[in-house]
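Here the chain labels run A, B, C and D in written order, and each chain numbers its own residues starting at 1.
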Amino acid sequence: MVTFLNMLKVGIIGATAYTSLELIKILLRHPEVKITYLGVRRTDRPRISDIFPTLKNLLDLRCDTIEQKEVPENIDFAFITLPPTISMQYVPLFIQRGIKIIDFSADYRFRDKSLYERWYKIQHTDSKGIETAVYGLPELFREEIRKTNLIGNPGCYTTATILALAPLLMKGLVFPEDIIVDAKSGVSGRGREPREDTHYCECNENIEAYSVGGHRHSPEIEHILSIKTNQKVSIQFVPHLVPMNRGILCTIYAKPKHEMRPASMILSDNEVNKLYKEFYGNEPFIRLKEGNEMPKTKEVIYTNFCDIATKVTESRIVVLSAIDNLIKGASGQAVQNMNVMCGFDEKMGLL
Amino acid sequence: MVTFLNMLKVGIIGATAYTSLELIKILLRHPEVKITYLGVRRTDRPRISDIFPTLKNLLDLRCDTIEQKEVPENIDFAFITLPPTISMQYVPLFIQRGIKIIDFSADYRFRDKSLYERWYKIQHTDSKGIETAVYGLPELFREEIRKTNLIGNPGCYTTATILALAPLLMKGLVFPEDIIVDAKSGVSGRGREPREDTHYCECNENIEAYSVGGHRHSPEIEHILSIKTNQKVSIQFVPHLVPMNRGILCTIYAKPKHEMRPASMILSDNEVNKLYKEFYGNEPFIRLKEGNEMPKTKEVIYTNFCDIATKVTESRIVVLSAIDNLIKGASGQAVQNMNVMCGFDEKMGLL
Amino acid sequence: MVTFLNMLKVGIIGATAYTSLELIKILLRHPEVKITYLGVRRTDRPRISDIFPTLKNLLDLRCDTIEQKEVPENIDFAFITLPPTISMQYVPLFIQRGIKIIDFSADYRFRDKSLYERWYKIQHTDSKGIETAVYGLPELFREEIRKTNLIGNPGCYTTATILALAPLLMKGLVFPEDIIVDAKSGVSGRGREPREDTHYCECNENIEAYSVGGHRHSPEIEHILSIKTNQKVSIQFVPHLVPMNRGILCTIYAKPKHEMRPASMILSDNEVNKLYKEFYGNEPFIRLKEGNEMPKTKEVIYTNFCDIATKVTESRIVVLSAIDNLIKGASGQAVQNMNVMCGFDEKMGLL
Amino acid sequence: MVTFLNMLKVGIIGATAYTSLELIKILLRHPEVKITYLGVRRTDRPRISDIFPTLKNLLDLRCDTIEQKEVPENIDFAFITLPPTISMQYVPLFIQRGIKIIDFSADYRFRDKSLYERWYKIQHTDSKGIETAVYGLPELFREEIRKTNLIGNPGCYTTATILALAPLLMKGLVFPEDIIVDAKSGVSGRGREPREDTHYCECNENIEAYSVGGHRHSPEIEHILSIKTNQKVSIQFVPHLVPMNRGILCTIYAKPKHEMRPASMILSDNEVNKLYKEFYGNEPFIRLKEGNEMPKTKEVIYTNFCDIATKVTESRIVVLSAIDNLIKGASGQAVQNMNVMCGFDEKMGLL
């Protein structure tokens, strides 16, 4: 057993979210870290195992009240799971104190401040942070992640969409401005707050679309894919709420560039599969389906895997991707990022 | 088609509950009534089909604001679906105006005012009402229902439990003070209000017990069964929340009185089945299971039926009953009561 | 009470499907018909209420064994809910005997025999029937339905898709060969047969796509829309299995023809809403959502309604439609067709 | 990283059950063992990750065909997850070869051969085994487990029931022959085989009781508790099927022995809580609820914990216990047993 002395001391700021619970469960299995601080925006200092009884006997640490302008003493590394626009009030203070940060909100996901401000309807108060932060998708930004001390952890829909589309777009095989993403998410994606639209009887035995033509995740997807592929990418994104606790499935319709080849022939399933195999090679958390196998959310929930399948049809290349919105879509990916930032084995705590 | 002239004009006071939606759906199919008034405790006069979009094109009536001391002009009959302790503020006014009432709350379910006050921790302000009201369980109180103008409509757990136990207790075959009722309910039983314990992710993939040893329905069950069977009945009642929208299953364990017969022999399955058949004879909404068939909530939801099975084991008579908590446990039973009160065919609108 | 003498005597051939149960429940509420025959492909003559205990006390009729070449004596009208390729063996016999038929299989949905044979991999043995049958979608083929004695009842996915797309295509506002249909269905769409892919634990907490790029419903959709709009319509159809009992949601992405108008301007939400309002006018079972309201399957299940919403985005017109796959997608639509064929009020038994 | 040389080589015989999947996931996290053999009763030698795609990249080992009379070469320890009456054909061969065994079936759970034969309606062919096997419930039989080479791994219902009742019965505080166990289980308890009663639409939105008064787990519970507490224990056991994938909740009603103390006073909640705390002391996988907190299956699924609460009411001591039927009710408990048998830390691989 390693002694605590040489373990990384991590804190979680905003410990009451569903993502925080998943993060804690993963970190408890991680041999190189120790959770030394839990910060919440309430003053009664509950034990985390009172908030999440499933943690009883696993982590009975008391939560501290996070005060503005105050940074906890006993941490080397912080996961911030506060809502957008709140995070940016804390991040600079932590950075100043030399604490490495992974922020779960949207506050540090955009390289372009004005884009953030247009979508989140608030002035961004940490220009330096937003400029230097790295987008925490290891499969695409591993080298930058290795060097940074501030990560904007990707959204769940964005992770599933970007991982599914990156190979096609970077190889220039599809039209970057005619992409349709039909996304389906479990209810935990709506957060823990009781609202009419999270009431059991309103969600159960029901599927519905929401934010049609205006979801905050679409600019994030377009922004990151445009930066990464040096072309204007624009997508039509429609999210749906599915009666299950967790899991995201994205069904993506991309239009192949026929002019690339003799009019007669189009890409074959094998060519596209081969392309994805080459692109993701030995990525530890990408699993490519073969033949007619399709991703199922039940095969990825409670894991950090992203399962991807592709199918070439007459008019489209259909790409399907599945992740656990709370793991690869949030907390698992955050730990994967921490592993890269700290030089641990990237899979540590995640298998 | 009957003309509206000779139709019963009904109003629903407190139209935003899940039970109200079910009540409206049933009344819309009822050939003898017309919904002429919907009262809500908000002031924006929404259409009922804005509150429940599933009603669009079926009932687009605007809801009126219910003012204390005011009684709507255009109704002959009122269903009151307000919370306990609120109902009793309205009922007397309606009664004075000669309007027949079925009240969904507990305010008029007890013959004994002090019992109500002990459990609901409030003084009952309508002594006359509580004394004259009839308990709206047609299978046991049909004659009284026929004559009254005020019904206390039974609770969902109580309906399922009383219908299951009445034959055994009235025949004196089991010990009235050693009865265990293990009840399971769908989430709609918790009401429409968003709370942590109605959040989809808290209810889904979970079963739990609540109010162990102190649920408000147990005194109601004991009170009604004691009155009806002229003996002190006391039950051990434990309700559970099950991840489904609707439906209640009660599993009841009663102890047979062995002294009634030679020590060697106990009651047989056939004897008990026969007893139930005789007791419920042609009751239109009671269905008795035979052999090893057991009630399933999926077979009674969206119906006004109560399915019952009995099984004699070494130490107990096990009785199982299933109903739809919103129909036979609330709105269907209310319409059944209205049919009896108004001299309509008891099944009208309910098949 | 109407006497049975003047009631329509209907039979159901293949009475053990989920659609048959829904059909029976609807017909039991229909004032003009009486169920006089139930045919099954087993020989033990079970009561229908033994197969579906929820029907106990409602319909306890015994099922007869359907013999090839034999037609029941006591029916005027038949609903055939046998699997594709089996139906066509029975239909001609019934027609000869002057019995009107609504067939639930795909056997009579195509005007083009070769198209059927290509997709169902079997020779169609009733050329006359397939040529004369009418496609049972009253909103588009009401007049033909009025005159025919043989209906091919539409599939569930096809109903939801065609009703959503017809207005845009018939007005020529979108490209008919660049349409994407992302469809989501509850598990009852898979039928009652126990298979690995209908096992509770395989479906629950899971969403997946299936038959990507080759589902039998897409040629049906293309065929009917092409006939109706006099142009070659081709769609990209991807169905998904959602963890709920019933309900279908289709999310449809159609590309507006910009050349129709000054490059600068595209269609507005209002224009499209207006178009749909005009197109469906007083259709009793079409409900159009307004503003940002989106269809929810929970608002249409257990009803014959099809709820539709449209949203104009930068690159697409997104159309969403929701139905109950067993009602408007099968049995409710069948009764709607029967009402039209027999001159009953089209809504009879369906509200 | 430990080298494989000094790792325990384990095989799983009957690798296609839901319990096998959970077992594999746990063993993959166990630092002291390596899965070297997977045996199935089919001959096509599939990869385990083809049977359970969620294992892809985690364990892609091929399954071997298990031949009668043949024992795999490369294992030190075997988990046998074959059905009852099949297991006993393999166990003796493995024992002869010095392989330690944990058997998941009922074949080795009874000390009394005749009791087994009465309930499983087959002659037990391994008398020596059934006499020497140890019942694998570490909280009650840890010392015997430490010394044995053959474990009969407890059933899921039995684990939840015995752990809940043991303290009361061993202290003699309740009548051993008047105990009611109302048990609720998720659908995975029914196994992976597609049957009508595991069809999604038959289980979803439904709760039902089954095997009322005759479930195979009740003799196992009575047998073990009678042995352990030196008195005849008899229970009334009624299992229910709940629409969720996994988890068991037992609600147990035991009658306190009033004669033990002055008629006036009965046991208090505190006394009973204190008794359970003393009894289970530092048991790593028992968590006792306090105050009015009740066990929730969602707090124990995917863990090896058993959560227990007690409540003293007028007539009964109500004990509630919750476990994951696949983990503490099967595979987690098996690994806990293996840890004890092999001298590993008992929690290894289980947190």
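Keep in mind that, in the parts below, contacts are C-beta pairs under 8 Å (C-beta built on N, C-alpha and C of every residue); 3 or more make two chains touch, one makes a residue touch a chain.
No experiment lies behind these values; they were computed from the predicted model shown.
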(request) Would you mind telling me which chain pair, C-D or B-D, is linked by more contacting C-beta pairs? (result) B-D
(request) Could you pull out the chain whose C-alpha mean position is farthest off from that of chain D? (result) C
(request) For chain B and chain C, let me know how many angstrom lie between their CA-based centres, rounded off. (result) 37
(request) Express in whole angstrom the distance between the two chain centres, defined as the mean CA positions of chain C and chain D. (result) 47
(message) Quick check: how many Å separate the C-alpha centres of chain B and chain D?
(response) 40
(request) Could you list the positions in chain C whose residues touch two or more of the other chains? (result) 202, 204-205, 243-245, 296, 298
(message) Under the stated contact criterion, what part of chain A meets chain D in this complex?
(response) 28-29, 53-54, 56-58, 205, 284, 287, 293, 296, 298-300, 302-303, 305, 351
(message) Applying the document's contact rule, which stretches of chain A touch chain B when the two form their complex?
(response) 18, 187-188, 192, 194-196, 198-205, 243-245
(request) Would you pull the chain B residues touching chain D in the complex into a rising list? (result) 177-178, 180, 182, 184, 186, 202, 204-210, 212-213, 234, 236, 238, 240, 242-247, 249, 251, 253, 292, 294-298, 301, 309, 311-316, 318, 320, 322
